[in-house]
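Chain naming follows the written order as A, B, C and D, and within any one chain the residues start at number 1.
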Amino acid sequence: MIGPIPLSHVLLASGALFAIGVAGALLRRNAIQIFLSIELMMNAANLALIGYGAALGTQQGQIIVFFVIAIAAAEASVGLAIFVAIFRHTETIDVNKINLLKW
Amino acid sequence: MTTPPLWLIPAIPLVGFALNGLLGTKLGKSFVSAVGVGAAGLTTVVAYARLIPFVGGNHQPVVEPVASWIALAGLSIDISFRLDPLSALMLSFVTFVAFLIHVYSIGYMHHEATNAGYARFFAYLNLFLFAMLTLVLAESFLLMFVGWEGVGLCSYLLIGYYFEADYAAAAGRKAFVVNRIGDFGFLLGMFGLFAAFGSLNYSEVFWKAAQDPARFAPALGAICLCLFVGAMGKSAQVPLYVWLPDAMAGPTPVSALIHAATMVTAGVYMVARCNVLFRLAPEVMVFVAAIGCFTALFAGIIAVAQNDLKKVLAYSTISQLGYMFLACGVGAFGVGMFHVMTHACFKACLFLGAGSVMHAMSGDLDVRHMGGLRGKLRITYATFLVATLAIAGIPPLAGFFSKDAILSAAFDAPGAGKVLWAVGLATAGLTAFYMFRVVSLTFFGRFRGTAEQAHHIHESPSSMTVPLIVLAFLSIGVGFVGLPPVFGARADLIGPFLAPIFAPIAGHEGAREALPHATEWLLMAVSVAVAASGLMLAWQWYVKQEGRPAERLAAAMPGVYALVAEKFRVDEDYDFLFVRPFNRLSHFLWKVVDVLIIDGILNASAFLVELSGDFLRFVQTGNVRNYALTFFLGLIALLLFVAGAM
Amino acid sequence: MTLVDGAIVVLRVVVPALILPALVIPLVWVERRVAAFIQDRPGPNRVGPFGLLQSPADIIKLFTKEDVVPAATDKFLFLLAPSLAVFAALSTFAVVPYGPTIRVAGKVIPMVGADVSVGLLYVFAITSLSVYAIVLAGWSSNDKFSLLGGIRSSAQIISYELAMTTAAAGVVLAAGSFRLTDIVAMQEGTFRLLPVVPRWNFFPQVIGFIVFFVSAFAETNRLPFDLPEAEAELVAGYHTEYSAMRFGSYFLAEYINVIVASAMTATLYFGGWSLPGFHPEGWLGGLLGLLIFAAKTAFFVLVFIWVRWTLPRFRYDQLMRLGWKTLLPLSLANLLWVALLAIWRTSR
Amino acid sequence: MERLIFDAAALVAIVFAGLMVAGRDPIKSVLALAVSFFALAVTYVLLLAPFIAALQIIVYAGAILVLFLFLIMLLNVGPERPDGVRRPVQTFLGSLSVVVFAGLLLGMLRASGARLPGQPEAVAADALPDPKALGRLLFSDYLLHFEAVSVLLLAALVGAFVLARRENAQ
């Protein structure tokens, strides 16, 4: 319980969000949506971290989330820059068509 | 005046080497000459500043530690230098002869085309001097080994000085490789010494050995044998002598300094230095004497049939070195060292004279192209003749006294002493013969070279002739420090001076009975007679009859003559016995072991990797979703594992 | 929680939310009169005394005009975007303290919508959401001018938010809190070394103030930073396709944003409702504080208007260069300066 | 009351996350995710992390997602269209792994939640942890991490600049 909120609810929500993220990452073709799904997974993890942190009465969870957010910002900037670079060459961001790096 | 420290003596030429090596190319020949000769001169001055009080005062050994070098549990080696009668003797002529040769080199190397080459020559020469002085003054075997390797390195560098020429490079390499064999022996000897005595310092090792001969004697046989192998390599004894004749490829001052006067005597010095050990290993002493004796005769025979002036001198050097070992082998270490000193003077003089002749002959050294040079090269002729008489053993020149001392010591030796004496005597005759043969062919008769050479003949500059004159006077005078006992009990100066070094080991060997004076007079007479007859024979054959008897003799025994002229084909035999099998082995190791087996294993593994890569690359679809899927499948597996653990 | 308490909460929260939009009506009139004054012309002076009724008339006009939704638009987002704009503008004010905490009849009434511990961050959070209103409008209109306006806006707001946040971090550092009431409280009184000068953040952090205020112009899309709607190039930018009250919503949001930005400036750098020597007591004190706060805010609103009618518009590259190469380094310098001050203060 | 709000917010987050994944139009996906993140921010507030909630909105909703929008508009990425290539194995395995994964994850999270030691006392709403305390922790125990992340951000900044720069542009 965090205040009146049971931890299980938090974890349930986190797990559901993460699973949705996995589904998006695995099943979508649009690179941007895949990327968004990854962001969603990170947020699901964040939710779990904050939930656990609150349940254990520490701030560690929030600290980690802080770092996750910072890293997500870095990841987004580089990832989107890569998209721009790819798009300039191939005019698409469909990951099924971006498969030059193969045998 | 405070006495200069011992470490200064090797340090000065080291500084000279650094200056010439680093700056010489830029600063020109006069700078190089000043630094090079200056370093040699200064170190000579410093050395004599130490030597004169030492010789004049009491002869207690002086050990001066400089720094701690290696300090480990159970092993402590300092860099320290030692001045005792033996090293004093070496120091006295090494520095002085080296200085003279440095001076001579200014004139000899004057025609060197580039500053770089000139500077390189003097830098190497100074480096050699540093190494040689370290070798002489070292207080421990390890430091001596540093000098030992240092002189080897300089020898290699200077033999290969004209490295543009293949023969010079090959000669340098040969000298290096053959010396390595000897060095290996020396190293083994050092290991043995350390194992037996737990130390490598002279004072400690010799003191322990002398204190308890019975305990160390068994091990000393092997150790001394190893050390003697080192000496054989460095001092060009059979069978490791083959590098020395080839070493004449270096500039003549190098031959004079390194390959006649100083470095090659390092082996003798080392054996003399270790006399305590050798005397405890009598079987090795016999071996030393035998090798020395055989080398003396063998090299003397070869020298008879050589036509290259420097080659003759080279074989003569080997032969004389054999004499020295003969002396050591019969226990007369002091006499051996005496011969080292006299030999340094007259052989340096001979080599420098040969250099002067070569200078005049525009680089030609074949005695068959010379003749009648005495008119044109007066000083060279005079000094060369003096040195020849000295080496031939004509009294009262230096060689007579030292050689006579060796022969009488051999005669006096127990066991096969008489045989050794007989062989030594024969060698003395040979020496006189081949040396005078060379003198005759070079300076007498008529000129046999080309007109151009004849036109070019001139006496060398004073920087070359002055050292010749000084060395000639030394060849005359230096023998008087070691007059034989027949001239009175106190006539011999050098023997008593060195005596503390060769002090008898308590309870091991008794003092030997001196020869009766009559016997000694007789021995002297015989050896002078033999030497004189050798001279006369050469005069008769090569001056009076202009070499015809020799030609007849060669024609009468073509096989023998060819064998001798081709130096008993030792090089060829070595080539057949060692070099070619070694090359074949190397070739086998290369072609079969390396290329087939080792490379094969490597290539096979590489091929396997490539093969698996060929298949596995299809996993790399380039489709990110496939990768993501694989990743998540792995994650699921991991989760299952963790869930199982929960 | 009694009924009175509930009423107080409603008053605290709802009243500002209602008053703010209402303030826009006179504000528009003020803007037009000031503009006319600057341009040496009369301005609106026909409808009512001094043209005061011009704005209500315009409102009525906007409400009654036909609401055109172009055919090719994304209907849902097209309709959502304007309300998002108003929502963002209004919610920002929730954490701004507009007056002192007063005691009336035994009740403690803080004159602020919600005094949360991360107040300033909340402001930035909501401000950063306001970009959606513009971007979505631009995109859903399916019009190249709108789209360009939206793209410009997103880049512009992200760029200037950085400088603005960093500048405001200086205030946070000085106050040691994100809570806006704390920030106001630490600016009460005067400097110890200079007792005649109010302890406003403006004095030690004048650079931060400049950066913050300039960025506020960019965040509110006011001239000289109104590139998203640059009429000379983009017709009307992101709201080209909007008409009637939906257009009015953007209009409304912009003016509310101006008020909020002014209020924030006053709060962060000029002591909010406080004045040196002013110690509010009872409801009269509350009213006085409110008036002081309103006066300061009004001043900055006037500056907004003044600047709008004085400066020309930047070019896009100039805008980016200013934001990244001038304001951001300046704000970092300010932060460093404030940090040094803080170290000096704590070490004393 | 809080519990209800939490459940509602979580539900909103999940539903909009689903919309994000299911949507064809990238713009709509981004917007759905923005709503989802906003709802998550609400849950963070309820979980006593107001600082993180504000950060969530500023950084995620206000910056990262706006960046996505900016990019989509810049590149003019349209809705996903069927490309006619069927990848049955990929799709099947993907779906299967999602299902298995979701089941596993939920099960494990449940188990882990149940295994937590005794719950701390309910924290009163006005005792929300001060962001100050978080800041203290961040700049003391986690200073190294903080600096590392700052270096990472700088690297990302430079990297993004280099990647997205036109090659002929100087």
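By our rule, a residue touches a chain if its C-beta (ideal position, glycine included) is under 8 Å from a C-beta of that chain, and two chains touch if they have at least 3 such contacts.
Note that the structure is predicted; figures quoted are calculated from it, not measured.
Taking contact as defined at the start, I'd like the list of chains shared as neighbours by chain C and chain D.
The common neighbours do not exist; no chain touches both.
Specify the chain pair with the maximum number of C-beta contact pairs.
A-D
Taking each chain's centre as its mean C-alpha position, how far apart are chain A and chain D in Å?
The separation of the two C-alpha centroids amounts to 5 Å.
I'd like to verify one number: the distance from the centre of chain B to the centre of chain D, where each centre is the average of its C-alpha atoms, in whole angstrom.
For chain B versus chain D, the centre distance works out to 84 Å.
Between chain A and chain C, tell me the centre distance in angstrom, where each centre is the average of that chain's C-alpha atoms.
The answer is 33 Å.
Cα centroid separation between chain B and chain C, in whole Å?
Roughly 98 Å separates the two chain centres.
Would you mind listing the residues of chain B that make contact with two or more other chains?
Expected reply: 623, 625, 629, 632.
Quick one: which residues in chain A touch 2 or more of the other chains?
Correct list: 22, 26, 29, 96.
Who touches whom among the chains?
The complete list of chain pairs in contact reads A-B, A-D, B-D, C-D.
Show which residues of chain D lie in contact with chain B when the two form their complex.
90, 93-94, 97-98, 100-101, 104-105, 107-108, 111
Spell out the part of chain A that touches chain D in their complex, as residue ranges.
Its residues touching chain D are 1-24, 26-30, 32-33, 35-37, 39-40, 43, 46-48, 50-57, 59, 61-63, 65-67, 69-78, 80-85, 87-88, 93-94, 96-97.
What part of chain C is in contact with chain D in the complex they form?
So the residues of chain C in touch with chain D come to 77, 116-118, 121-122, 124-129, 131-132, 135-136, 138-139, 147, 150-151, 154-155, 157-158, 161, 165, 176-178.
Which residues of chain D touch chain C in their complex?
Residues in contact with chain C: 27, 31, 34, 38, 41, 50-51, 53-55, 57-58, 61-63, 66-67, 69-70, 73-74, 128, 130-132.
What residues on chain A touch chain B, complex-wise?
Going through chain A, the ones touching chain B are 22, 25-26, 29, 31, 34, 95-96, 98-103.
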